[in-house]
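This report concerns only the one structure given below.
Chain lettering (A, B and C) follows the sequence in which the chains are written, and residue indices restart at 1 in each chain.
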Amino acid sequence: MAGTSFLLYQKRDSWLERWDPRMKIVAVLLFGAALLLTHSLGLKTAQLLLLIVLWGMAKLSWRVLAFTLLSLSIFFASTMIYQSVLTAVPGEDMITWGWISFSSQGAVRGIMMCEQIAGIVLLLALLVRTTSPIVLAEGLEMLLKPLKKWRLPVHEAVMMFSIALRFLPILIEEFDKIRKAQLARGGGFHRKGVSTRFRGVLPMLMPLFVMSIIRAKDLAVAMESRCYQGDEGRTPIRMYRLRANDYAVFSFSIVNLAAIFVW
Amino acid sequence: MIDIRNTTFYYNASQDDEEDAGHKPALSHVSLNISPGEFVAFLGRNGSGKSSLSRLLNGIELPTEGTVSVEGHVTSDKAALPTVRRAVQIVFQNPENQQVGITVGEDIAFGLSNIGWPQRDIANRVAWAINLVGLDADEDRPVTNLSGGEKQKLALAAVLALAPRYLILDEATSMLDPVARRQFVATLHEVRKQYSFTLIYITHHLEEVTDADRWILFQSGRVVTSGTPADLMEDVRLLQDCGLELPYYQTLAGLLRESGIAVPAAINEHELRELLCKSS
Amino acid sequence: MQIKLDRVSFTYGKRSRNKPPAGPYVLKQLDLTIESGEMLAIAGKSGSGKSTFLQLLKGFLAPSEGTVLLDGVNPHQARRPELFDKVGFIFQYPEHQLFSTTVFDDIAFGLQSAGLADEEKEARVRQAMAAVQLDYEAFKDCSPFELSGGEKRRVAIAGVVVLEPEVLILDEPTAGLDLQSRTALFDLLHAMNREQGITVMWVSHQLEEILEHATRLIALKEGTFLADGHPHSLLSDPVLLEAFGWEEPPALVVSRLLQELGMIETGGQKALAPGEASEAIIRLLNRQRITV
């Protein structure tokens, strides 16, 4: 269940939840750009620390944070090895510990790379976990409104995104159920060799596929029956107004981005 | 009024008539009127056409032949469709597959937003609907946290928020356990006291519709008969053919009446006790 | 096959050495023996631990404390997980798990790893289809997706029966079926129980169904068995009815009334079908008329 709770928004009444969704998305983009563009180890570390502080302010669980970072650990390790051992540029200071020798510049590159990855993951997790999907979708739709002029299906795309989020936990639960059901009638095929197990893939995927189609059809009928007809004549569920708070966040993001050019 | 005239309906109707000859219509030549304020029950086995008909009533599906009209608007008229939809709302069978919102409030607001409800009044209306069905949840509660019975109450709140004049319950209780089912039915009757609408109730459970004005029995896409519950209860064989089982007391009353003992069709424990103890 | 639960507790919380398991118990100290050939109904709301309990019997989960014994052997400890293959498990709406292009292939899915010859495989599928009362020749080449709801469900059940289980567990087997299909399904379960001695355990919310078909009822609430006994006595127990929010089945109410009036023999609980009850009532009224 850890996998599903990672993506899910839960109301915690934190300060971050009250930010305007449009400004939050813009701030995430600006912050992400700053994180990727800085070449200073100090600045990257400071940005990462700031994200961790925000995590605390958002009242999100520290266990989930640890889980998130740990799940990336293999990725971190391989990045470090790649950057400091395998791609050391001749002429860099080599440090030798016992039988390993690595480049110190390479190690710094590796750390920065890891910080970047961790930062982006945390940034997106913060966005998704402090914003209700519908609010996020509405924010995205408002930001992308100009694209409608070119007849891009902005509304439809955003609607699909939010419905996918809504049904993700149900699908995960369903997959677990189907897996167990097929094991129950599989005559113990899961304890046999790889080829027998491989034949068990279709029996899992086919019902999942069929069930998703049934769900999608049911939901489409329910939506249509509740007068849904695209974004024609819809009133927004909420009114969004930018407050001083949001401008402050925006200014900070700009300053943060500008800082990398000054440093 | 809902007016169904000589309606035939095929799923995936093909243009090719020869092909149609082979497959059976979901509904054939159904004619029916439903008056404002009525409480009717559509009864029949799985695949007898009762659910298909409910989908024709708000224009989710259009008749292959014949017409369906709601308060004078024909469902096949594209311009009238939004009016028809608003007037006729459906609560479906599966509690999992009809909520669009992540939270209770968002889900109720979804329909309101679709019909262009004034934005500043949406929050009020959402609160009104939650209160109307007595859902024990604030609007921020995630839908995934609700029990099956609560999800169906939410579905009821979400459609009632649109102020429909006709409400269709399409086996809305069939996936609930008996306790939740009883609560849902009680809620429905409570709501109908405060806010009246025409109720079309589709079910396999006769005990939920004993107080309906009219039962309509479906079999293989046709209306077999329609009449008051008291009249139709006499024909146990026909009910069984339609996959329906009379509740225990009604069956008992039927058997006793056959043997010439005058008991009310809807006898209950108390009345039975009186009958038996009175003379002894 | 005998199934025995010995002080079984279960928690989804992780267990660390020397410490009691963290997290709430889903099941608490369950003791139970199910003998071969029982018709056993299980009742309990969602969240009562019912589904965890069933998964323990099938070996999908291992108890956090206590042991599950199949014919006296603990399959987890003895490292013999194949013992759980003798327990057939049919999930809710099993027709949703069909996937093959023909009914035959779907039913034979469980046999593919058994290394059977084609003739033997055919014989087993024939037998399974006969057990669920589906005509072999008429249905074997059909697509399972073309069948009616009741037929699909029988195909899915055949897919488990083909493995020749000694115990059959069904999670709400009649959900969504109409009267005719429900009756047919229970005829089938009784036949398997009677003729092959298969233990049948099923989850049900329908008290009438339990009363009619079960010889034993287990009621689960908050991870413990609130009651275990014959449905006739349990379903007229006001304390139990209150705890589950149930209403006493009319068959029991009427039977008790007739018992009080001396119209049916006392001693032991009875649940009269409407036909039997009406006969007793008519007899009573006639007698009264005569005495008057």
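Keep this in mind: a residue touches a chain if its C-beta (ideal position, glycine included) is under 8 Å from a C-beta of that chain, and two chains touch if they have at least 3 such contacts.
Small disclaimer: the values here were computed from a predicted structure and weren't measured.
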item	value
Pair exhibiting more inter-chain C-beta contacts, A-C or A-B	A-B
Farthest-lying chain, centroid of Cα atoms versus that of subunit C	A
For subunit B paired with subunit C, centre-to-centre distance based on mean C-alpha positions, whole Å	31
Rounded Å distance between subunit A and subunit C, as computed from the means of their C-alpha atoms	43
Mean-CA-position distance for subunit B and subunit A (Å)	42
Of all residues in subunit B, those that touch subunit A in their complex	55, 58, 60, 82, 85-86, 89-90, 92, 94, 96-103, 106, 109-120, 122, 140, 142-144, 158-159, 162
Interfacial residue positions of subunit A with respect to subunit C in the complex	177-178, 180-189, 191-192, 196, 199, 202-203, 206-207, 210-211
Footprint of subunit A on subunit C - complex, ascending	55, 58, 60, 81-82, 85, 88-91, 94, 96-99, 109-114, 159-160, 163
For the subunit C and subunit B complex, residues of the former touching the latter	45-46, 148-150, 175-181, 205-208, 244-246, 249-251, 253-254, 257-258, 261, 274-275, 277-278, 281-282, 284-285, 288, 292
Subunit A residues touching subunit B - in the complex, by the definition given at the top	8-11, 132-134, 162-163, 165-166, 169-170, 214-215, 218-219, 221-229, 233-239
